[in-house]
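As written, the chains take the letters A, B, C, D, E and F, and residue 1 is the first residue of each chain.
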Amino acid sequence: MSVGLTIGRYQPFHNGHLSVVKEISERVDEIVVCIGSAQVSHELDDPFTAGERMAMIQRALLENGVEKFFYIMPVEDIQRNAAWVSHVESLTPPFDEVYSHNPLVIRLFREAGYEVHGAPLYRREEHSGTEIRRRMLEGEKWRHLVPKEVAETVEEVDGVDRLRDLAVEDAPT
Amino acid sequence: MSVGLTIGRYQPFHNGHLSVVKEISERVDEIVVCIGSAQVSHELDDPFTAGERMAMIQRALLENGVEKFFYIMPVEDIQRNAAWVSHVESLTPPFDEVYSHNPLVIRLFREAGYEVHGAPLYRREEHSGTEIRRRMLEGEKWRHLVPKEVAETVEEVDGVDRLRDLAVEDAPT
Amino acid sequence: MSVGLTIGRYQPFHNGHLSVVKEISERVDEIVVCIGSAQVSHELDDPFTAGERMAMIQRALLENGVEKFFYIMPVEDIQRNAAWVSHVESLTPPFDEVYSHNPLVIRLFREAGYEVHGAPLYRREEHSGTEIRRRMLEGEKWRHLVPKEVAETVEEVDGVDRLRDLAVEDAPT
Amino acid sequence: MSVGLTIGRYQPFHNGHLSVVKEISERVDEIVVCIGSAQVSHELDDPFTAGERMAMIQRALLENGVEKFFYIMPVEDIQRNAAWVSHVESLTPPFDEVYSHNPLVIRLFREAGYEVHGAPLYRREEHSGTEIRRRMLEGEKWRHLVPKEVAETVEEVDGVDRLRDLAVEDAPT
Amino acid sequence: MSVGLTIGRYQPFHNGHLSVVKEISERVDEIVVCIGSAQVSHELDDPFTAGERMAMIQRALLENGVEKFFYIMPVEDIQRNAAWVSHVESLTPPFDEVYSHNPLVIRLFREAGYEVHGAPLYRREEHSGTEIRRRMLEGEKWRHLVPKEVAETVEEVDGVDRLRDLAVEDAPT
Amino acid sequence: MSVGLTIGRYQPFHNGHLSVVKEISERVDEIVVCIGSAQVSHELDDPFTAGERMAMIQRALLENGVEKFFYIMPVEDIQRNAAWVSHVESLTPPFDEVYSHNPLVIRLFREAGYEVHGAPLYRREEHSGTEIRRRMLEGEKWRHLVPKEVAETVEEVDGVDRLRDLAVEDAPT
């Protein structure tokens, strides 16, 4: 049995991420989706909590035809790159393959002896968290870039208002 | 929609825990199962990693007729009781009710305004992690006290040998 | 100008502590009262938060004739004894003398070059946090052992009930 | 009784801050002043320790006609925004209202259910920590922008020299 | 080239430890000596700082005929057993073999794929840190149980007095 | 006896660093070389682990005529400048003098009462870690800027490839 792991911050989880998970699911028997920087939230580049991201992802995978067995789990940063792979291993079931485009993630898993694949491609320009957060902030359309379940979760937690409140310029102190 | 949360160390997850989750699942629409002390492993009272416990629980719930939507997530200790409920909230989707027998957990969630129920009862004597770990150590029968999927995970990770190795008495240093 | 520092967990602040602060206040120009183990609360030996202890102490000192200028501040543990004095120094205004009966506190401040005095004596048997918490738990009289303002704060935060809830014996898990 | 909380880094505490505390003191019965990023010091943007800032603020409030009961306490960062309000609550006496201009502080307290007011206005251009530290570094006049007690504390701890020493450009390594 | 690693708390480093290092040095080309629980000091079971222990060990090895190339380094605890081997690896040069009698150390290195040997034997009864600290406390002879350089370091840092000061019984608080 | 301490990140240790250590060794009886930011690795500005840096330095000092007794030890960051000198003191044998060009290091040791000297001069332009890492990345010559033993260690740990892998530009996420 093969188990593939992928990791991202998922701020928020979008159609590109979903397409990656679906393509991985055709190559392995089980998938592990790690939510990185889990302890971070309420920042302009990281507005959503780990729990909110978990709800987005689990609902989206269940409703969008990912048929393989999958695990989703938050992974907090540990500020110690050399022990990070062990940290991930301690939080996840055993896995064989890693899918990522992040240079640090790729290098760390390779030094630990894992087979690492570039995550499968998807149309990148719009499908980035940065672009989606920009659209949320500026009042442009963003719902078509994420699974329906993600848009619902963003609404339930008042996500767009949170992002706009955080973007207000501070007075000097 | 009602969401119920329960939390335990699950060292290991046993039939009593499964029975609790099943009874909760009849009262709520979604269940959140938190794996407490997630950063702890390789100790006599806490032999299994969070990832191993996640595998045990997810497999057991899927194969044993828990039909409600459920989330499972590791929750690390933060050594700061007064912020612990917020810590849990940041790692989980929103929830309304808590099920627990632990006095500290009950008190902390009550101070935070949650409705807390005692977890439903089950036959306690044998169904305790302490008793199951004792049986593993002393070579007595323990598999009938846990779901089949848990016994399989314990074997895959060589769990009984780990426990016995940790129990060897150290020489003075 | 001389500044004297004293430190305790103050779970809760009682008449013995008050008497110590008053005696120190007659020997120095300013007093620094440090609330130790500030991050700990909701435990049987440490039921009150740092904020609750701060309220107890500040009200008690203002209402009970401590006429010297005083500072009160929480000091979190840092799990690194050799850097602990520096940690305290960074959180307090400069001080010259230390008053304590705790062997570790005395040794650490002496190694750092401070003059350390035993805290002045007071009737010890009943005036201990351990004894007062025992009385709270068992429903015996305790209010006469603490300043009136402390008893009021304990009531405002529902402190006796908290202690009793934490003392309930847990079921095996 | 109403209790109002305000929070700042106070590097250093200046006339603008004092004016805010005085205006809050006319609206509430008690004031809680939190010294944020308490663990940070000896940096160009954060030269003063929490203890030094505590001394500045307490002396300034006592000597400048703040007549309401007030608390001052250091609050260390916890790198976990979603648990930050609980962290503050555990370090402070209970409070009802929050005064702040910081977008993150405002959002976090609002999500926790608090009433948040913009801090009252004061002449902003010069009354900012950034401007005062710049003046200290460049040898311009700064004492008229802070309460007299603050200028005294800065002198006692050799603050301007510390700032200038930290600003020396490092050689390449 | 073979490199052997051994690890201990070395509170203090004694003749038994020295004998172990000498025997390892006959089997490998280079030795790595890790000082465990490096952040702990000023406790009854852990009186010496990492720096003091480093001085003891380095002087003892250089003066007592350990002729192989050796490294000595402090290793702080990380409270996360599953990432501990990676933590050690990040602090040390690469090594092939581990020598230890500690059950947890043995198990963790074995799970990480290392060859682990029991540390060579030495006369155990007296040669234990526990026994040597007891003798220091009670004024019995202990110098003959440690290398001369260790006894000198203990004296330089006033180690016996420190231990006795820490052993004074605290008054109730 | 005089003991001199110097500290750097040593990413990597180069001829300039070696020349500094040699000059210090002519002024003192023993040298303490601290490897700063020990927990950081696998970053573009900090590619090497503490263990790799330890190997580089120890080999280079032994093979290049540093004849005084020296200690080398990793020092992790503690994010609390005001306690940093105590942290260093707890990890090192006692020392009298400090050699550094870093403004923060100089100021912190001076506030703690140490005599601090600027590190002796060496030809700076090329002898900087920044320049050497740039040359590694761009395929230019760098081996002549470091001791032979350092170049060997970099090769053993595949350091140049690591640096290049980390420099790959990430795709948007």
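Keep this in mind: a contact is a pair of C-beta atoms (placed from the backbone, for glycine too) under 8 Å apart; a residue touches a chain by one contact, two chains touch by 3 or more.
Quantities reported herein were computed from a predicted structural model and do not represent experimental measurements.
Visitor: What are the mutual neighbours of chain A and chain E in this structure?
Guide: B, F
Visitor: Quick check on the interfaces: B-C is repeated by which of A-B, A-D or A-E, going by over half of contact pairs matching?
Guide: Answer for the repeat of B-C: A-D.
Visitor: Determine whether chain A and chain D, two copies of the same sequence, contact each other through the same residue numbers or different ones, counting it as same when over half of the numbers at the interface appear on both sides.
Guide: different
Visitor: List the centre-to-centre spacing of chain A and chain F in whole Å, with centres computed as mean CA coordinates.
Guide: Whole-Å distance between the two chain centres: 37.
Visitor: Report the inter-centroid distance (CA atoms only) between chain C and chain D in whole Å.
Guide: Averaging C-alpha atoms per chain gives centres 26 Å apart.
Visitor: Could you grab the centroid distance between chain C and chain F? Build each centroid from C-alpha atoms only and quote it in angstrom.
Guide: 43
Visitor: For chain A, which residues are shared contacts with two or more other chains?
Guide: Only 39, 41, 49, 80, 82, 89-90 qualify.
Visitor: According to the definition of touch, which chains form touching pairs?
Guide: Contacting pairs: A-B, A-D, A-E, A-F, B-C, B-D, B-E, C-D, C-E, C-F, D-F, E-F.
Visitor: Show which residues of chain C lie in contact with chain E when the two form their complex.
Guide: By the definition above, chain C touches chain E via 8-9, 79-82, 101-104, 106-108, 110-111, 124, 128-131.
Visitor: For chain F, which residues are in contact with chain E within the complex?
Guide: These residues of chain F touch chain E: 38-39, 41, 49-52, 54-55, 58, 62, 69, 71, 73-74, 76, 89-94, 156-157.
Visitor: Contact residues on chain B for chain D in the complex?
Guide: 78, 80, 82-83, 85-87, 89-90
Visitor: Can you tell me which positions in chain E touch chain C when the two form their complex?
Guide: Against chain C, chain E makes touches at 39-43, 49, 162, 165-173.
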